[in-house]
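In what comes next, chain A is part of two complexes: it sits with chain B in the first one and with chain C in the second one.
Moving on to the complex of A and B:
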């Protein structure tokens, strides 16, 4: 025993590791081990260098500096950053009255802040309802005006970023509870008619393209309204998005529901809990945390799909980017405009997916 | 249930954002609101495009400003809103806007709608063809077997079908809905011909890396009188029609926004036609009292917006990025062989 205990190294500071290779050896064994490896490495390196130099030249070296003018852009061989400086307000807020553009800015901050707060675990309770109730009212008052001495602004002038955020965030916020309801309706057997309705609804919505749902919202929904009621295209589009996304949420949540063991349902029943108590206290907390990856997947997809509303004439940030390079004198800089929109989507989607990874680590 | 309540609250709030119907005499409504709602295309280079401050600029928007200058005495009081094509007509019929200056072609069936009135044609356009200069084509009749890029679902395609089948010319259509993608296809040689309204072709040409490498063929295969649209209201229609005639008359008489103050300072020594056009105790002044316009409405239009020629050159012609020639087209004054015929104000 004593011999053995002397030979075993003390745990913590002297764990025996295989000898480390030097840098050169590592490179050789990983990148140039065989002829095939060597060829692949060289080809890839050439591609990276070629693309990297091109990107560097276009983005920085050959580009017109942001403080330059349109003339500098015409002379430059790379990107035109003065275009972005000149047009950033138009791309963000479109034709919203210029002096009032602090309002869509605040409204966007409100929505982004609302999403940020909703991500905090301390908000995962009834406070969320108050938060989004207040955010809805705040967003509407800021954008439309007519209250608190704010000048009234017509919905035709609501463009750009706040429209993207409004459609994406409110669309998802309202679709999620609806999706949970649909999932619960589908995942039960006592009420077959309700179940059949849920199945039919989910399968029909998932079976048609989003563009079709958007056109239905724009053209068919107003026809179903009583005489004299006219809905703004923004509202009908949002309703269409809520109905569309709810079907996808329903399937994501149903996956979570199926993962809750039958014993949980039986235990709840044997305690004499009512259906509402059973679902609220026992089933949903487990199902929702299990369905989190799939729900986040739906959220990301739905958020990016929101840019499709440009097809039905809603001026989200894609449409305002197009407006920016329709201005005579700035017509050649479509790439810069689209790049800006792409960077916005990349940053926001990256934040969302980092959050979902963090949430999964936390709940597992 | 909470979700339902939230949905209802937000729905109710947003429903308030719908366009309210405007009641009473249209002109009374305009004066009461101190603004005239005018619909334009949200993205039509040269005709209406928002500038960096989000303010719409262009040929069409200047007629919104003309209306505001004539009726309210201030061109800045035009409430210019960007809206889709079919929505613009629906909005006028639903009385959600007073007028539209949106490159809408006046057609018989559209004019038959009692909910809207075509007032006056501000621009005579027509559909044409653009080809690469290298193709060496001089006339659309030589386009046998060509591939034509055109917008999906537009009257453009119908006009092409009519024109080519009347002449037994075979062609192939490349349907591309998105304008940027369509232009890309044309510039990269995927199609031989680009078909659209000639004004659109002319501005699209400048998106090519070498605009001089493309030519617009002489054939005009359709009539597109682009016309102002208004709510049916006798006073509003009269005001818009004659405001436009003021711009044409000023063009013919050589009075523009630059020299109008000199003209007004020395009105008594001006030609009789100029005196009738701008004097407050003249024909223009008499019209103002009858329709209910500011007494100096004709002066305000020219001072704040300019005459027709100025508006054309500033937005589409020599002073703009497009360099669209006016002389020799239907948009020249009738004395120069065009269709713009100033009606007498007296």
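Moving on to the complex of A and C:
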């Protein structure tokens, strides 16, 4: 019997936890530890209670129930949910022919589904091209009609959600490759003239407000066209958005390019790769994954800023919300309409930013 | 090392040819298109009468003013709005950012919710919703809420008493200039003394107290007069006093809230980037919380935050252009009105873009100068 064989209690085996604090003590240590903490807690609690009671009263207690009528709204002191029930189709699809509104609905689902699929890592290859080729054709056929026995609908009557999605998504889809090209043009020394152009372009576009670029598309782009060529406002807006966002993408991607070690460039050169091979096989895969957080930030900002097209008279979801409460019978319920739009943006932006956080965790 | 190979010369020549060719074609098309409407590109129209009034401006503008003057008023409005929004966003952002970085249970969550909501909503939506709320909630001009019969709030504007030019106004201006100069000069002097002897002399509080005392005493004893104009309801609107339109107020609030969320994230990041050891060491050497913040943590956080903050201020300046959506006469909205009247988009848009680019250049120059100052010297490397 040796002494060594006996079980010696080792401090590391059993994790010793301090006793858990009771509820009262937890509250005290978290909220009322010092005088400053107490003051802050009281101020914040007052703000939360005031805001919370107001929101609860406006949204639920004082609101007219969704199945009510316009008369109920006039009597209610809070929100008018019957307005949302009555006008939700107008807010979503605007003046698209009422009978045909399943088409913009399907078109929106197609685009949202396309974005969802593009987020899957298994789509991060050539399949993405096929996906968006098919999605854009499907979107156009559904919205414009004229094929497959669908009634033809003029672009002037496309508005609401599909327009927002179309401008945001296709604007970004075209701007991203252009931005990569600009970033590559800026991040090289072989072609100084092209580099100078890229620098000038990126800095000028980033130095002016987005609305200025939209107005350039509205006023100046049509003037640049030869006689007889006319561009629809939707098309000029799309072109302006692509040019605008590409400069921001270029800056985001340039950050990634700068983070690729010089040795990678040199190694690629010494292997005898051509420029295109070097960029496609060595540089871009690393630069793009490094710049992903910044690119996702740009995407989020660009998506939110697409709403500015309202100012130049494109009818996106914010404009159709305004249409809805311009109806004489429902004039006082603008906040409800904007709340609906706000909820849409909150949900979609939250999905985008959660995805970007997930992507960051996955790559790091 | 750069080698001019045949390929690089070829590609650049091809690119330049394409660019110049496209440019020439575009310019020719523009000239042809404008000629059809009977106009040619020239800036001569800037001197002619604009014929539209803008609702509020810092310089005198009437419907007989020239386009140049109206555009200048728009530019000044853009700058004023930007400065107010920058101040507002910084104040909100610092408070929310410090709360987010604190360890206060409620504070972290409230600031987190605020930042998240502002990050996920478009600024235009915030602006339009607030504008609608203000218009619906506030009373009409005739039923304005009055405060002691001096301040009036309506859904068109806020009316404040205004100090008219006089000896009091001159004194206030002089006091402000003296305050700025003496803080700068004495501050530098005090820092030199501290570097030599280690003794810290306070500067800001004594100077402020002294100048306030001078102003108050001369006001109370009636050595200077403060002619004040109070707003009075006459007919359909107020006369006299100072008028701040509801459009301006809502714009300032909306942009401050929106950018406050982004500034808060920057502030949080900068505070968390200062090593915790710095804070603990400062506290261990006997500095209080505020002293620790002011002398140890914030000077280090500021170095990290200045470049992104400069960028943020530029974004605020550019984003004031959403003023168009509520009808405040900023530079872009004056520009669009002028374009609609004269149909001279080329001249007006190039002018406006030059103004924005100049502001952008000035701010990035200032940030670069500041960066050179704070990153050079100080730490031995």
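One rule holds for everything that comes next: the second predicted complex is superposed on the first by the 348 of 364 C-alpha atoms of A that agree within 3 Å, B and C clash if a C-alpha of one lies under 4 Å from a C-alpha of the other, contacts with A are read in each partner's own complex, and residues count from 1 in each chain.
To be clear about the criterion, a contact is a pair of C-beta atoms (placed from the backbone, for glycine too) under 8 Å apart; a residue touches a chain by one contact, two chains touch by 3 or more.
Keep in mind that what you see is a predicted model, and the values were worked out from it rather than measured.
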Requested in this report: Evaluate whether chain B and chain C can sit on chain A together after superposition, giving fit or clash.
Outcome: clash
Report task. Kindly classify A:261 by the partners it touches after superposition: chain B alone (first), chain C alone (second), both, or neither? Result -> neither
Report task. Check the residue A:66 against both partner chains and state whether it touches chain B (first), chain C (second), both, or neither. Result -> neither
Requested in this report: With the two complexes superposed on chain A, say which partner A:307 touches: chain B (first), chain C (second), both, or neither.
Outcome: second
**Report entry** Partner chain in contact with A:44 - chain B first, chain C second, else both or neither
**Finding:** second
Query raised in the report: A:334 contacts which: chain B (first), chain C (second), both, neither?
Result: both
Query raised in the report: Once the complexes are superposed, what residues of chain A are shared between the chain B interface and the chain C interface?
Result: 322, 332, 334
Query raised in the report: Which positions of chain A touch chain C when the two form their complex?
Result: 30-31, 37, 40-41, 44-45, 47-48, 189-194, 197, 204, 206-212, 215-216, 219-220, 223-227, 300, 304-305, 307-308, 310-311, 318, 322, 332, 334-335, 338-339, 341-342, 345-346, 349-350, 353
Report summary line: The chain B residues in contact with chain A across the complex are 2-4, 6-7, 9-11, 13-19, 42-46, 49-56, 79, 81-84, 87, 94, 96, 180, 203, 206-207, 320-322
Query - Complex contact set, residues of chain A against chain B - result: 86-87, 89-90, 93-98, 101, 126, 129, 132-133, 136-137, 140, 144, 154-157, 159, 170, 173-174, 176-178, 181, 229-235, 238-239, 242, 313, 315, 319, 322-323, 326-329, 331-332, 334
Requested in this report: Going by the contact rule at the top, pick out the chain C residues touching chain A in the complex.
Outcome: 2-3, 5, 8, 11-12, 15-16, 19, 26, 29-30, 32-34, 36, 104-107, 110, 116-117, 119-125, 128-129, 132-133, 136, 318-319, 321-322, 324-325, 332, 335-336, 339, 345-346, 349, 352-353, 356-357, 360-361
